[in-house]
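Both complexes shown next keep subunit A, but they swap its partner, so subunit B is in the first and subunit C is in the second.
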Partner chain A sequence: MSALISARGIAIRFGGVVAADGVSLDVFAGDHLAIIGPNGAGKTTFLNICTGYLKPQGGTVQFKGRDILGSSPRAITRLGIARAFQIPQLFLEQSVRENMLIAAASQARRFAPFARLADIPERGDVEHLLALVDCADVADRKAGELPEGKRKLVDIALALALKPEVLLMDEPTSGVASSEKFTIMDTLVAALRERAVTAVFVEHDMEMVSRYANRVAVWSAGTISRQGPPAEVLNDPEVVRTVIGG
Partner chain B sequence: MSHIIILAVLDGVAYGSLVFLVAVGLTLVFGVMRILNVAHGSFYALGAYAAASLGLGLSALGLSPWLSYPLFVVAAAAVGVVVGGALERFLLQRIYRHEEALQLLVTFAVFMILDNAQRLIWGVQPYFYSEPLRLLGNVAVAGITYTAYQVVFLPLVAIAVLLALRLFLRRTLAGAVIVAVTEDREAATAIGINASRVFLLTFVIGTTLASLGGALAAPTTSILPGMGADMIVLSFAVAATAGLGQIEGAAVAALAIGLGRSFAVFFAPELEVLMPYLIMVLVLLVRPEGLFGKATARKI
Partner chain C sequence: MATNSSLRLALLAVAALVAVAYPIVSGSSGSFLTIVWAKALPVLGIILLLQAGQVSFGHAMFFAVGAYTIGFVGRAMAGGELVLLLVAAAFASLLAGLLVGVFVVRYRYIFFGMLNLAFSMVLFSMLEKFIHVTGGSDGLRIARPTILGEAMGRAQYETILYYVSLAILALALYGGARFLDSPLGHALKAIKSNETRVEYLGISARLVLLVAYVASAVLAGLGGALVGAIQGIATPDYAYWVRSGEFVFVAILGGTGHVAGALAGAFVYEFIRSSAAAYVGDTWQMTLGIVLLAVILFAPRGIVGMAADLWGRLTGGSARAEPAPEEADAPDAPAREPRPLRIVGGGR
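Up next, the complex of A and B:
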């Protein structure tokens, strides 16, 4: 099986802090890969590199065999890697539906300056996506007025409107009440399955990892110290000691 | 006394309408592109010259002077699209990533060049083209006679532009994208929006509005090289008072500054030049984000 995203020998340091020192990691089609590790280990840095926001000092990243280091975030989005942020990046002054329509029309490369927003052909897909992430009820509300949980889901829907093959997520449920977490993740994972989207998520919550990941990679001290199925990795005494704490 | 007040209100409304057209273009451009275009006032002057030249050509050809109204729009669009579009594509695009000081210098240089271009093309003698002003006749407001062009036509155009802009920004795809880029350019780029295309469109709309302001001002004033300088300073005051990219705010601020200025003319002439800035400073002291602006924390 060939990897969708294939990172080789990634090295990046910020001043004296080494975030990655020869990291190699593959993301396979259909993966729900969780990246775990101590705070500040460089997990988010990896997402930033794969989406073109950061350029490492060494190494290569390929997406479906094509080198993507040095490409702009916009070009990488076009290739099929989307990103959801720890703090959702929505246009807060606009309604949820407007947010989605803007993203969907942009994905379709639609340029019709005077087309009515309500009439663009992507409308149907947008309504479907909103229903999929259980946000049809808030479609007309301003994104800035949504409760955190809904905002996370809209952010995911927005990323899915870009029709990605891979979705990179930074702590998809951070900032959400623990009572809501599983509902949100269930919705999210169902949406990813329906759209056959491969997912990578940075996560601190081990319960989330064991429940929703099919593979785990441990990012520690600038390297991938361990990877494999959650049942194995999360019970590794070394991982328990360095990452999970306990 | 009451006569003077009514006169001041009429003056203020007429002037505020023109200031609004120019300032709303500036605030749109600044909101989306975060570039302070000092040359924005030149488009006001170019619009006025283009309108006057076309209007005088109309008379020379013996065509109906009523055609001058649609010609205003043609003149404005021609200046906005051709000169504005070329300026954005060939010059501004190269300096977006540079610091503000350089952007100010470059657009100031463009202002100087366009200013001299006006002298070169139209000479230094003032142009007069008041035909459209006379066509609409006069109206009497509470015993004061004023030209209908200035107190009826100009405000109606300003209101129509405000409503059209609102519809465009709220209901159309391109408008929604412009609003999105105004709020968060990085996030907009991240979802694949072509910011450079949005910039061109916004800049052309902005310069067309400034040219329209100039074209409509043409019948009410003597057209001179450098007439854009006053307007740019006033537009900055309006844009700052209104809040970034706020079109409704620009309307309110333009009216307030238009009225403030005309009341100063009648009651405290020595304050006339100072008035727009007094209003601006007062508003910004109370609301640093502008009348209609929203204070936002920068996202990381």
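Up next, the complex of A and C:
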């Protein structure tokens, strides 16, 4: 099976901090790949590179065999890679529904200058997605008024509204109340499977990893120290010592 | 609320009726109001750009492009035809907006504002220096054009200009409101709060801003053409930075949250300017300054925001655009200041 996203020899450093030192990682179609690793290891940096926000000092990234290093986040988004953020990136002065409709309009390329945003044909999908992440009740509120957990969920829904082939999520449920975190992830992951969306998620919560990932990559000290099925990786004494127990 | 919106519609209808009836009832040609209608156009353009958080301190350049275009085309055609002149002005300012816009939409905030200023100053000095073409600081005379082929007397001409300006403004306000409610308009507002996310949704922030920029240039150009037609002359002052500043001033005075701010601001501004000039002589700038200070301190959403609050209180409905303070302080509400655009995460 050939990789959907294929990173080879990624090297990036910020001053003295080495975030990646020749990292190679493949994401296969249908994967639900979890990236784990200590704080400041370089996990978010990797997502920044894959989406064109940062350019590494060395290495290549291909999406379906096509070089995407040097492309802008916009171009990469258009190719089918959507991203949800560690720190939610929303349009704070607009309502949650408007946030979502903008994403849906972009995906369907609806930019007729005098059509109403609220009337685009995709508005039904938007309501559906908001219900999926349990945010239907806050649809009319300004994104800036939401508590952190809800913002994280809207942030994911925004990426989903783009109907991506690959969804990159950065600690999707950090800040989400633990009482509802698994309920929402259950629905979300089921929806991803149903739509055949390949997912990569950076995660610190090992319960989430063992529950939702089919593969785990351990990012530490600028390299991928271990890769494999969760059952194996999460029980590796070395991983337990450096990442989980630490 | 149905009654609320129909009440609002009724008020709008009354206002429109008054505006239409004014020249007939008063017997004057309403030149004060014509200036208000015309000057509200560039202010509307400024309000469009403000949706993306960008302030242009150079939009007088398009105002001048509009005025000089009808001057030049009119001169070439020995007077010319008003409809044609206005179309030419719109077209010329569209081109100018595209030309300058392609360059300035790459910049934000102070750089955006100053680059616009720089372009306008280049135009200003060209208008002053190329005396043989532009008439230099004496300006370019704008002869009275025919209207739909008819030659007009002065009073009749002014009355028609009143209605033409009113119609263009009404269309522009309606179009502007529709635009801001469209996907493009919402993307424009999104640029203000999170341009990074705009790009991550696959939208080109520059392209969206360019669309708004060109629209604002056309609005400014039409405003300049109308003021030129009213005053019968275009001078380099039309492009001067003080005038650009005036557009921004009026936008803030009127309220930048709604297209109606352009009209409210232009009306109050011209009113203060003409009445203060009559009563307190040449200190009218001071009066305006104090008014603007008061608006910024006590009604940051401008006249329109003030009116909306008042309306909300009168009808008991919530016409407020901002949440009440107690809502914002609810226990589950986070801090309201926008988060920085830092997406790299980094150490926590």
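The rule we apply is simple: the second predicted complex is superposed on the first by the 245 of 246 C-alpha atoms of A that agree within 3 Å, B and C clash if a C-alpha of one lies under 4 Å from a C-alpha of the other, contacts with A are read in each partner's own complex, and residues count from 1 in each chain.
One rule holds in what follows: a residue touches a chain if its C-beta (ideal position, glycine included) is under 8 Å from a C-beta of that chain, and two chains touch if they have at least 3 such contacts.
Keep in mind that what you see is a predicted model, and the values were worked out from it rather than measured.
Peer 1: Should subunit B and subunit C be called a clash or a fit once both complexes are overlaid on subunit A?
Peer 2: clash
Peer 1: Looking at A:D21, would you say it contacts subunit B, subunit C, both, or neither? Reply first, second, both or neither.
Peer 2: A:D21: touches no partner chain.
Peer 1: Tell me which of subunit B and subunit C touches more residues of subunit A.
Peer 2: Larger number of subunit A residues touched: C.
Peer 1: Which partner does A:L101 reach: the first (subunit B), the second (subunit C), both, or neither?
Peer 2: both
Peer 1: Using the superposition on chain A described above, determine whether A:R78 touches subunit B (first), subunit C (second), both, or neither.
Peer 2: Once the two structures are laid over each other on A, A:R78 reaches both partners.
Peer 1: Contact-wise, after the overlay, does A:D236 reach subunit B, subunit C, both or neither (first, second, both, neither)?
Peer 2: neither
Peer 1: For A:T45, is the partner it touches subunit B (first), subunit C (second), both, or none of the two (neither)?
Peer 2: In the superposition, A:T45 contacts subunit C only.
Peer 1: Give one of first, second, both or neither to describe whether A:R110 is in contact with subunit B, with subunit C, with both, or with none.
Peer 2: The answer is both, since A:R110 touches subunit B and subunit C.
Peer 1: Under the stated touch criterion, which partner chain does A:E127 make contact with: subunit B (first), subunit C (second), both, or neither?
Peer 2: Neither subunit B nor subunit C is touched by A:E127.
Peer 1: Touching A:P147, do we find subunit B (first), subunit C (second), both, or neither?
Peer 2: second
Peer 1: Do subunit B and subunit C land on any of the same subunit A residues, and which?
Peer 2: 51, 72-74, 77-78, 83, 87, 89-94, 98-99, 101-103, 105-107, 110-118, 120, 158, 162
Peer 1: Where on subunit A does subunit B make contact in their complex?
Peer 2: Where subunit A meets subunit B, its residues are 51, 72-74, 77-78, 83, 87, 89-94, 98-99, 101-103, 105-107, 110-118, 120, 158, 161-162.
Peer 1: Contact residues on subunit B for subunit A in the complex?
Peer 2: Subunit B reaches subunit A through residues 168, 171-177, 179-180, 183-184, 186-194, 197, 201, 294, 299-300.
Peer 1: Would you tell me which residues of subunit C are touching subunit A in their complex?
Peer 2: Its residues touching subunit A are 175, 178-179, 181-187, 189-190, 192-194, 196-197, 199-204, 211, 323, 327-328, 332-334, 336, 338-339, 341-348.
Peer 1: For subunit A, which residues count as touching subunit C in their complex?
Peer 2: 39-40, 43-45, 48, 51, 53-54, 72-74, 77-78, 82-83, 85-94, 98-99, 101-103, 105-107, 110-118, 120, 142, 144-148, 151, 158, 162, 170
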